[in-house]
Structure formats: C-alpha cells, structure tokens
Amino acid sequence: MNKVVANAREAIAGIEDNMTLMVGGFGLCGIPENAISALVELGASGLTCISNNAGVDDFGLGLLLQKKQIKKMISSYVGENAEFERQMLSGELEVDLIPQGSLAERCRAGGAGVPAFFTPAGYGTEVAEGKEVRYFNGKPHILENALHADFALVKAWKGDRFGNLVFKGTARNFNPVMAMAGKITVVEVEELVEPEALDPNHIHLPGVFVQRIFQGSNYEKRIEQRTVRSRD
Amino acid sequence: MLDRNGIAQRIAQELQNGWYVNLGIGIPTLVANYIPEGISVEFQSENGLLGMGPFPYEGEEDADLINAGKQTVTMLPGGSIFDSSLSFAMIRGQHVQLTVLGAMEVADNGDIANWKIPGKMVKGMGGAMDLVASADNIIVAMSHTNRKGESKLLRQCTLPLTGVGCVKKIVTNMAVLDVTDQGFKLLERAPGVSVEDIKNATEGRLIVEGDIPEMRL
Amino acid sequence: MLDRNGIAQRIAQELQNGWYVNLGIGIPTLVANYIPEGISVEFQSENGLLGMGPFPYEGEEDADLINAGKQTVTMLPGGSIFDSSLSFAMIRGQHVQLTVLGAMEVADNGDIANWKIPGKMVKGMGGAMDLVASADNIIVAMSHTNRKGESKLLRQCTLPLTGVGCVKKIVTNMAVLDVTDQGFKLLERAPGVSVEDIKNATEGRLIVEGDIPEMRL
Amino acid sequence: MNKVVANAREAIAGIEDNMTLMVGGFGLCGIPENAISALVELGASGLTCISNNAGVDDFGLGLLLQKKQIKKMISSYVGENAEFERQMLSGELEVDLIPQGSLAERCRAGGAGVPAFFTPAGYGTEVAEGKEVRYFNGKPHILENALHADFALVKAWKGDRFGNLVFKGTARNFNPVMAMAGKITVVEVEELVEPEALDPNHIHLPGVFVQRIFQGSNYEKRIEQRTVRSRD
C-alpha cells in the first residue's frame, strides 16, 4: 500500500471550482502550508472552506482570500485579517460561524458515519435557528448535522506510506477529525518515514482515512501571538 | 474598585483542589497567576491541551504549542495533548469543573452575550458557546459597566446571546454576585465600593440581603 | 462444489489493490490465505486493529494482541491500534472497502440474517449489524443450503434480521451471485455444479441470463 | 493532582447494590482483573454491567456471574460461559444485546456530552424497535442514546498520578470510551509511572476523565483463543 505522491501539486490534483474543502489547523498552528500554496497556484475558485479560522492577510487561508478563491468560510472564529473583513462586509464572502466544539464534532461525525447528533451548544442563540430542539434530562439540545468535504487538507508531523499519522503538540487540533471527513484526504508531513519508524500503538490517525500523503517543505510555522515571559 | 488583576485574584479564590479549569481570553487568563497555595488545578485550553503552563522564556517559543488565544505556551508535567473533538468532549461532557470567561452582557436569569455586536465586524464565538452551554460552573469576569458607564448586568441581554441561563457567578470590578432564580444576589463588595454604588451600576434585579462584606484579597 | 477454502479462494479474487477489508469469523477468515499476487490489502479487525498479520508462531502469542474472534494474531508493518469507537468510525464512515461475513440466510432483496435463532441461546450480533448497515460492499460467504438441505438463499428471511437490503454479492459452495433489484443474479457456477443444481438449491428469485461460466480458481 | 489509591478495594469503594458499571475489555483482553476481583469480594449485587462481553466461567465478568452479582448485562456478544447461559435461559439474568459499534459510540457519547446520535446500525432489525427512524441522504438511521455509568472499571498499561493513560495493543478496545463515560472512573494499570515518563503527545486518554488510579498486580491476562501457526 503506497499513498505517497511526489509533491503538493500532485496531492491536490482534482480540486475543482466550487468544491468544499476542510483545512486543518488552529490559527496558524498546524496548517497545511504546502497544500495551500499549491492551491493558490492551481487557482480553483468558488471554494467553500471549512476551517476553524481563516488565516492572516499574508499567510494560511488569507492567501486564498487574497486571490478571491473562497466563496464561503465555515469557521468558529475569523477576521484576523483585513481582506477577510473587507470581503465579508462587502458581501463577496459568505461566512457561516459555528461553535468550535460543534465544528469539531460535526467533522468527526462526518468521518464516523454519524449523520447527526444532539449538542447543547448554541441552544437559545442564533446558531439554533431552524434547528430541531430536543430535551434530554431536562436540558435543551439542538440537532447538528455531520460535515463532509470533497478534499481534506491536513498537516501532520510524521507519516508513512500507509498514511498513518503522528501529530506534534497543539498542531494536532482539527487535523485528525478533518482527515476522517474528507472524500479525498491529502496529508503533508514534515517527515515522511518508513512504516517501521512509527509505533503502531502510538499512531494518532490510522492510514485508512488518508488517500494521499507527501513530504512537505519550507515550513514557515509562523507564530501568531509570540508571548514570552522574562527570565527574572 | 478592582483592576483586571484584582478581578482575577478574586476569582482565583474560587478554585478548588483537583479542578480542571478553562480560562477564556483577557481577564480570565490572569487567574492563572493567583492560584492559592495548596491548591492544585490543571488548565485546559480548548485547542487541545491540558496542563498548560506559563508563557515560554524568550527563545523557547514553540510554534506547535499554543493556547486558544494563539499565544505560545508551555506544558507542565502531567499535561497531555489531544485533538479538537476530544477537547470538546471534555467540555461538553462536563469533565472540566470551571469555566471563566468574559462577557459584554449578563442577564439576571444567567443569559450571557459575549460574541457579537450587530453592525460591527463579527469574529465568531470560537469555543464560547460550547463552554457556556456545557459547563456546570461558569464564572464571568468583567467590568460592571461598559465604557459609556452603562450597566452590563441587565434584566435582559440586548446583544445576541452566547448561551441561556448558564452563568452561575459574576466577579466584576465592583462586586461578586451569584445568579439566582430571583436575580443577581450580591455577595461581596470590592474595596471602597458601597452597596449603593453597586445598586446604581446594576440594571438587572439585584438582591441585597443583610450586611454585604467587602471582599478579601 | 467448493469446500470452505474454495469459497475463500473465490472471494479473494474480488480483492482490489489498496482496499481495507474486514473479514468475519469462519470462512471469511480464510480469505486472507488467498490474496492474489500483486494485490496489497490491509485487514481490519473491529476490536481495534488495522494491518492484521498471520497467527503468531508458537510461544510468540501476545495476550494483548487479538482479533475480533479473540484469537492471538500478529501485526504487519504499517499497522495501527485504536479504540473501539474509532474502529467503528472507520466501519460506519465507509472507510473499509469490503466486508466479508457468513450468514444463516440471505434474501433476494439483500436482507441478511446471521445472529439469532429464536429459541436457541443467542450470543449477540457483535459488530455484524454495524458492518452490514454501513459497508458499501458486502460479500456473504456461506454454504448454499443448510444441514437439512434447505436453501439459505430465500425470497424472504425467516430468522431475525441483521440488516436490510445490504448484501451485494454471495459466494457459496455452488455459485457466485449478485443481489439485484430483480433477485439473485447467477454469475458463476462452482466446478461440477450445473445451473439446474443451483436453481434447485435456491428458494429466492434467481436470474439466469445466457451462459453461466464455471468459476476459475 | 494525585488520583492514586492504594489498591483495588479502595479504588472501588462506593460501588453499591443496583449500580450501573462499565467494564472495559474485549473478550478477556484488557479487562480490569484487579477491580473485578475486588468487586467479587465486596459483594455488591443487582449490578447492571455494560461490557462488550461477559467473560468466561471462571474469569472476567464470569466471576461476578458465579456470585450472582449481576442483574443485567448490556453487551454485544455474550455466552462464552455455561453459567451465563443458565442464568439467561432461567430468566435470572436480563440481557440487552446491542451492536458493538453502537455500544462503543454510545459510551463515547456519554462521556462527550452528546445525549443521542443517529446510526444506520440495526435499522430494520429488532434493535430498532421503539427507536426513532430518520432518513439522511436517503438512507435510514436510528436514534441511539448515550450510555452512562456510576462507575467505569478500566484497565490500562501505563498511567500516572494525574490519571493519564497509555494502553497496549488491542487491550485498548473499549477502555478509553468507557473511561470517558463513568461518573467515577477507576483505572488499574500494569505500571504506575511518574508523569515525566509519559510523552504528553502520546497519551491515549487524558487524566481529566479519571478519578482513581492504582497499580494492579498478579495479572493473569488469560488468552481465550490461543491460535498459532507452525514454523515450517
């Protein structure tokens, strides 16, 4: 079994206008830098992007926004960049804001074949509009549907040709659940290793969810909020 | 009147040994600086981190280790890393004993609004809706009034809600209050603040029973 | 007529390169012995194992490494371990391309019964109901008739169902059949078995179109 | 933070008659041997046990069956022992059989605060009786409720005083999801280690789900189906 492709361009082959993509990462942490760059080059437009955030002006999904490739963002927290704000306020960009935990669970549900589930998050708010409400143990819940994507773009730390993945630190975040929910899941790794180099007991996401994997390069790993303490 | 650190310090007194705690952005983050002696708590960051430690020393920042505010952080021994779905499984499943977060408005029935101002750029609710809908124990940390001097403790929220009937306790620069079926119950006054001051600054129903002690910090 | 190994061997011809496959207990387990050359597949065991290898050599059994039949097994390079909920996430989410399992009865609309005989001790469905309800591609491996000589390919199941309308293909000791909207479509005969034999052994609707080739093993 | 208790007896303190327990393991693999023994000694009865299987006559949950401590079993596959069969057929023991994947997901849902979800498993069968049916993408699903337990008895390989757990091989199985769903989750480990000995990036279940942990002893780890191949 060999899911390795040569590079990002080959990995994202088949992404077309108006497709729905999931893009891993939290802020700029754990984002698929290489796949995003390749997508900017590819130029597909009218995209719906499911991603917790929308990058900054000159990095992450901000790069796709600059090129006006995104039609709609489905996120929990956005607007760390000016171009996003401009497009949103002008109505060029549709934005669907959903609670972060519901976003994560809806991706997992999509990957796990669970079409819908009840959650208390958002009850009584505009998130609940048009959604079924049901009480369990006296507490109101709303019905949320699973999310799916034509492609999931995911970043892992290490991976092998079977698609088995290991993530590092909080760069894990949405990556595993989005990997589960992509029809075609494309993974870039910092280190493509031999299967024997990964402990089967410590694989964060089994390769069964992965269709393509490639060795990424030139990782910038930009820090959004560099916060330090003094050494006194 | 308390400053931001004072609010954080007072909230820290609510911590109990063995609790897992999620701290929101802003004043809540400061709570970590005032953990009482003899109390051991673990901080959860909803981007997938338990056992969050202080900010790193300069030069030791790791781009792969951030908190929910996207700040570089460190981990303490006993910490663990997990994905976003497990992180919110902890939150939704009520395994996190305390959530501290800021608010724009709180109503005297426990409703909270802290994510959206119509007509202004909306950034999103992040994990706040999951946190307030799930947590058994929510403390709101905020100033008692807004910049215009208007009360943020209301009979009814005017802004779009983040959650309904969920806030249990509020610590402001002026007071500590519980949310009860009858409205805000005044528990403590900030140093130098009178009950009268608090009454004037509170639009929602306020219950004042007996002597209201000044808080001890 | 095929024996158990013959049935497994014929089913193995259905494997495609890169597939993840879940093999049930009994005849399906034997399929692993006949993987065609040049084909690479990975076996999933629903108790939480991907990349299942052959049984261990004597003395190398590991109590912490078993398959869904509770037999000691080994792992191949590229394998992985996971918990039961992720295991069924794979299955329910249709990430496993093929499920092979045994049956007591199959109806010509794809219904399957393989877990319960009323009046007899019922052990349970294990993972079978999840597998049949979710898999896009289910092959049933079984004998064409039961011990009394009665057909197991029926117009309608008589036993409690495991799943409805889910079986796509059946390989028996006598034939290979697809389940279609019009009933069982005969695709191949086992060596030495005539179309007439199969007609006599099939109670459900049987479609025979043109020459039915003998299967090649 | 220190969740360590001295032994199994102390760990299961508080288990009372008629409580609902989750018990980890698949067959005899990864079962909480020490906690089960302590429970046999404790003698609580009228128990409802949620466990994928019910042990064998003289091991695992079979020991509790011998002492008639179990009123009801909620499992996916049972009956590998004569006493179980006898009690079930005589009506002494209630048995609720549910699909294995639904069992796992219902435990996870209980731990994750998801009160109910839709699954295709069991539609059109007796498992679906009395349950809501709904179609998603033209495919029928049934609504399944979350499972909870007063106590979850779980076995891990390694753990630390924070309750962080690492499992070994297929002994993982139901243990993590049941650990999530117990009001009081009791874990026994083969090796109780210092927190520094566990890689935070490779903890299978964070300690937040665990209330008590202890060092187990005398593990038998019985093999149910010893199957080997010859060395020719």
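Each chain gets a letter, A, B, C and D, in the order it is written, and its residues are counted from 1.
Everything below uses one rule, namely that a residue touches a chain if its C-beta (ideal position, glycine included) is under 8 Å from a C-beta of that chain, and two chains touch if they have at least 3 such contacts.
Computed from a prediction, not measured in an experiment: that's the story for all the values here.
Considering the contact criterion stated above, the chains in touch with chain C and with chain D alike are A.
Centroid distances from chain D, each centroid being the mean of CA atoms, peak for B.
Each chain gets one centre point, the mean of its Cα atoms, and the points for chain B and chain C are 55 Å apart. Rounded to whole angstrom units, the spacing between the C-alpha centres of chain A and chain C is 36. Note on chain placement: the centre of chain A and the centre of chain D lie 33 Å apart, centres being C-alpha means. Within chain B, residues 81-82, 85, 88-89, 91-92, 134 each touch two or more of the remaining chains.
Among the residues of chain D, those in touch with two or more other chains are 105, 108, 112-114, 119-120, 167-169, 201. Under the contact rule defined at the top, the touching pairs of chains are A-B, A-C, A-D, B-D, C-D.
The touching residues of chain A, when paired with chain B in their complex, are 26-30, 52, 75-80, 85, 88-89, 97, 99-105, 107-108, 119-127, 157, 167-177, 204, 221-231. Every residue of chain D that touches chain B in the complex is listed here, in rising order: 1, 108, 110-114, 160-162, 164, 180, 195-196, 200-201, 203, 206-209.
Taken together, the chain B residues at the contact with chain D in this complex read 18, 20, 40-42, 44, 50-51, 75, 77-82, 85-86, 88-96, 134. On chain C, the positions that touch chain D within their shared complex are 45-49, 54-58, 60-73, 81-85, 87-89, 91-92, 111, 121-130, 133-134, 160-165. The residues of chain A lying in touch with chain D in their complex are 105, 109, 112-120, 134, 136-137, 141, 145, 166-169, 201-202.
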